[in-house]
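Dropping the structures in below, format is structure tokens.
Here come two complexes built around subunit A, the first alongside subunit B, the second alongside subunit C.
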Partner chain A sequence: MKFGIFYEISVPRPWGPTTEYEVYQNCLEQVKLADELGFDQVWAVEHHFLEEYSHCSAPEVFLTACAMVTKNIRIGRGIVVCVPEFNNPIKAAEVAATMDIVSGGRLEFGTGRSATWTELGGMGADPDETKKTWDEWVRIIPKMWTEERFGYQGRAFSMPQRAVLPKPLQKPHPPMWVAVTSPGTELDAADRGMGSLGLTFGGFAEQEKKIAEYRRRIKYCDPVGSFVNEQVNTVNFLFCHEDNEYGAKTGQRLAGTFNYLAEQLLAARQAYPTRSYPNLGLLPALRREATSAPEGQIPEGLCIGNPDRIIEVIKKWESVGVDRINFLLNAIETVPQEEVLASLRLFAKEVMPKFAEKPAPAPAGVGGGN
Partner chain B sequence: MPDRGLRAIEGLAPSPFDAGPLEIAGRWVQVTFEVDRDAAIRWMPADVTRPVPCYGRLLAVDGESGGRPMRFAALALGGRFRMMPRNVLVEAVTADGAALPALAGPALAGDVRMDAESDGLAIAITTAEGVLAEARLPAPYAIEPAMLRWDGWVVYAPNNGGTALAEALVEVRATAARLSKGATFAPGPAADRSSPWRQLRSLLPISACAVEGVLRVGPAAVPAPVLMG
Partner chain C sequence: MPLVGTRPTTDFEHGPLLRQPGGEPWVLPSAQILQVMYEIEQGAMTSLLPPALHPTIPPTLVVTVMRAPESPVGPFTLAEAKVGCRSGARPRALSVRAYCDSAAACEALAARWGYPVHPAEVVLAKRYDRSWGAVRIGGRTVLEAHLVDPEAISGSDIQYLATLNTARVERGGEAVPRLIQVDPEYQFHSADRGMPELLAFDAEAFALPGAEPYWPVSASLAVADVAMPELRYLVDPAKPPLAAVERI
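Now for the complex of A and B:
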């Protein structure tokens, strides 16, 4: 099990002249500490126009800053919106390769297509088209990285033969992921040999079923990249405190605030009937999660409370097949920065060692044989 | 935290109040469009938060209920009530100006006409002063009715001597549905600048659908209080 941190970068009103600056500085401080504590990855979203919920429209810049203040933590572009009104596939490949170079080969490359009318409508994108352009981009971007010169005639994108430069430091290229908010997208990930970057909150049973199907399908995949990235990444909330009651209460405040903000968004499916978005994505799961536990009880699966409780929860996630968990640490600064940092430290001290990868046993006859 | 509405709700509950349900067999149109944020806040009650972006909904109905013809139009705002997306009633237009069962709230006397045109569907909402608003659904094409989503409504009900927000859920049994991209919804001459039909005009169309079947709204009920949303 690997652990990471995950950023929407939510900014509370009232928005003063330095509010966004302060939130970004807090995030960078958390990332620097997480790197020192041994967290494996940091992810940042690409969202546009999502007032308070996410002020992270240029994650490549934020993540490059993260790379510059850290040494080991991997840098997760989570995700590139593969829709031409948002981005351009050549530019996306170039920026990703540059991030991989300047981070010393630490990039994880997430892909997706946006799920809100807030963003799709704001960019003038047609919700009926996003699945098609996403599918095209995830097939051509790894070729731009690996082929010396690349040319393409496609449905929504074409380019004459050119050398797309620079090339990523990681060879053959960084691991590729798909953001999974809608049920069924994990199968799209599996069929293309991509990692499942789960962005929903669900119960153990629901996730276990999805992961089992992902594992089954990826065995027969036709990978879009040069290798298969069979990994399941999920997102969770983290607030770790010695006092279980205080930890749970603060963590529930964090989760409730995040869900309340998410609720204000306009899901594509909510306003625009299309087969491309067969359901409401993240929002119903958040509503269920927010209301699933009886009063006074912690919703199933949340990593909030004292270390013992969090260890039990993570063991359960491990048992259903999750490879990585990324934690949301705050929402509109509802948790004071010092408490966020203390939570990270306590988690690293008491929880992470329980899930440290065991060293592989030395082969017989090699070393230590005296 | 998200913006809350500013509309005072005292006096918006109709008398007599009819919780419904309202069941109509016939055809109806739902138009969804983006509206101005400041105008939305003015027409939204304080217990409702506004979504990002703010959007409005027009429901125009032509059918029969209880064996009698029924035509009406209801203008709503998309809002979040108790963590759920809801159509928050702003104002209705009914034949006699009386509030509708279930969709209880302010109502004007008027009429609704739906006319098939060569390339689509036209809806005219009128009062004694003339055309209040018009909607056009160009080039509608058939879709599976199951693709459509029907949010519940927030309406106004008498409660403990005052007025409270009530929820009226929607059930649809559709036999046919068509979707139109690029629908328009615009105020007419009878909507002056104080009218919600002008203030909440479409700034950007999102979607519009025309449906045939049975539409059931309500009954309207005042929910138990909650801490947030």
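Now for the complex of A and C:
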């Protein structure tokens, strides 16, 4: 089990002249500490126009700053919106390769297509097209990285032969992921040999079914990249405190605030009738189920409370097949920065050692008593 | 936290009195429903909504014209122009004034579901190249919304928002303003989508002063059996969003 942190970069109203600066500085401080504490990865989203919920429209810049203040933590571009009104595949490949170089080969490359009318409408994108352009881009970007010169004539994108430069430091290229929000996208990830970057909060039972099907399908995949990235990455909230009651209460406040903000967004489906964005009926219900509980109880899958409780929760996630958990640490600064940092420290001290990778068993006949 | 409405709650004191919640269920077989959505100018983002509701980002106008060929009170056509919003975390659309072409339907819709409905000439027309809905009051067109170049889709691709009707309910012998949540169920027979065109919209006629639709989003036309729901929730327009919802 590996642990990471995950950023939407939500900024609370009222927006003063330095509010965004302060939130970004807090995030960078958290990333620096997470690196020192041994967290494995930091991810940042690409969102546009999502007032309060996410002021993270240039994650490549934020993540480059993260890379510059850290040594080991991997840098997760989560995600590149693979829609031509948002980005360009050549530029996406170039920026990613540059990030991989300047971070010393630490890039994780997430892909996706946006899910809100706020963004799709704002950029003038056709919701019917996003799945198709995503599918085209995830096949050509790894070729841009690995082929000396690349040319392509496709449906939504074409280019004459050119050397797309620079090439990533990681060879053959950084691991590729798909953001999984719509039902069934985890199967798209499996069929393409990509990691599943879960961005919704299902309970254990729901996630176990999805992960089992992902594992089954990826065995027969046709990978879009040069290798299969069979990994399940999920997202969770983290607030770790010695006092279980205080930890749970604060964590639930964090989760509730985040979900409340998320529900304010205008989902693509609510504005535009299209088969491209399947019915959202299940997802908000899942999110509510995963983050709410009867009075006096803590939602089963959330990493909030004292270290003992969080260890139990993570063991359950491990048992259903999750490889990595990324934690949201805050939402519109609901939790004071000092408490966020203390939560990270306590988690690293009390929880992470329980999930440290065990050394490989010694080969037979070595080190024995014979 | 998200923005909330700033509209004076006195604007919500003139809705119909909800006199007969409950009663026999209504099913409206093979109703035609035209829905046209536009983004509206952000200057009116909060001024159209009461303090109990959050605006959507971006703010939207949802025009719905429904032709019910059969109902317990006979055929009728209902036209609404609603503001997209959130009641807490739930997606909703606020209706302050609506129009209907049948006096009997006006009476029943207001009494049972709180529709703030007024009599007017309301039409819904379907052609192969376009469909449109219109409202005329005293010969003046206050709404004309079109779907152009229809293409067939699945009814399950359409998502209708639950409506919050501006009405009043009895509380301690007094009529107090409440927003009545109406969330019908739909069994789709067919559906189309197309380009939206809003050729006429009089914001004052729908009690939405300052609403300026300017950016077309979507249009759909469905044929569905519509089951009018039992009422479950009310919203007190004066309270903050997390304290405003009341269960019936």
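Note that in this section the second predicted complex is superposed on the first by the 353 of 370 C-alpha atoms of A that agree within 3 Å, B and C clash if a C-alpha of one lies under 4 Å from a C-alpha of the other, contacts with A are read in each partner's own complex, and residues count from 1 in each chain.
Note that a contact is a pair of C-beta atoms (placed from the backbone, for glycine too) under 8 Å apart; a residue touches a chain by one contact, two chains touch by 3 or more.
This is a predicted model, so every value here is computed, not measured.
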Given the alignment on subunit A, is it a clash or a fit between subunit B and subunit C? clash
Quick one: is A:34 in contact with subunit B, with subunit C, with both, or with neither? Answer first, second, both or neither. neither
Where does A:311 make contact in the superposed view: on subunit B (first), on subunit C (second), on both, or on neither? neither
Tell me which partner A:42 touches in the superposition: subunit B (first), subunit C (second), both or neither. neither
Given the touch rule stated above, what does A:272 touch, subunit B (first), subunit C (second), both, or neither? both
Starting from the residues of subunit A touching subunit B, keep only those that also touch subunit C in the other complex, and list them. 12-13, 49-52, 117-118, 121-122, 259-261, 263-266, 269-275, 332
Within their complex, subunit C touches subunit A through residues 1-3, 37, 39, 54, 56-58, 60, 84, 86, 88-91, 153-154, 156-159, 161, 191, 193, 215, 217-218, 220
Per the touch rule above, subunit B residues touching subunit A in the complex are 1-2, 32, 34, 49-53, 55, 78, 80, 83-85, 143, 147-149, 151, 179, 204, 206-207, 209, 228-229
Residue ranges of subunit A in contact with subunit B within the complex: 12-13, 49-53, 117-118, 121-122, 256, 259-261, 263-266, 269-275, 287, 290-291, 332
Residues of subunit A that touch subunit C when the two form their complex: 12-13, 49-52, 117-118, 121-122, 257, 259-261, 263-266, 269-275, 279-280, 332
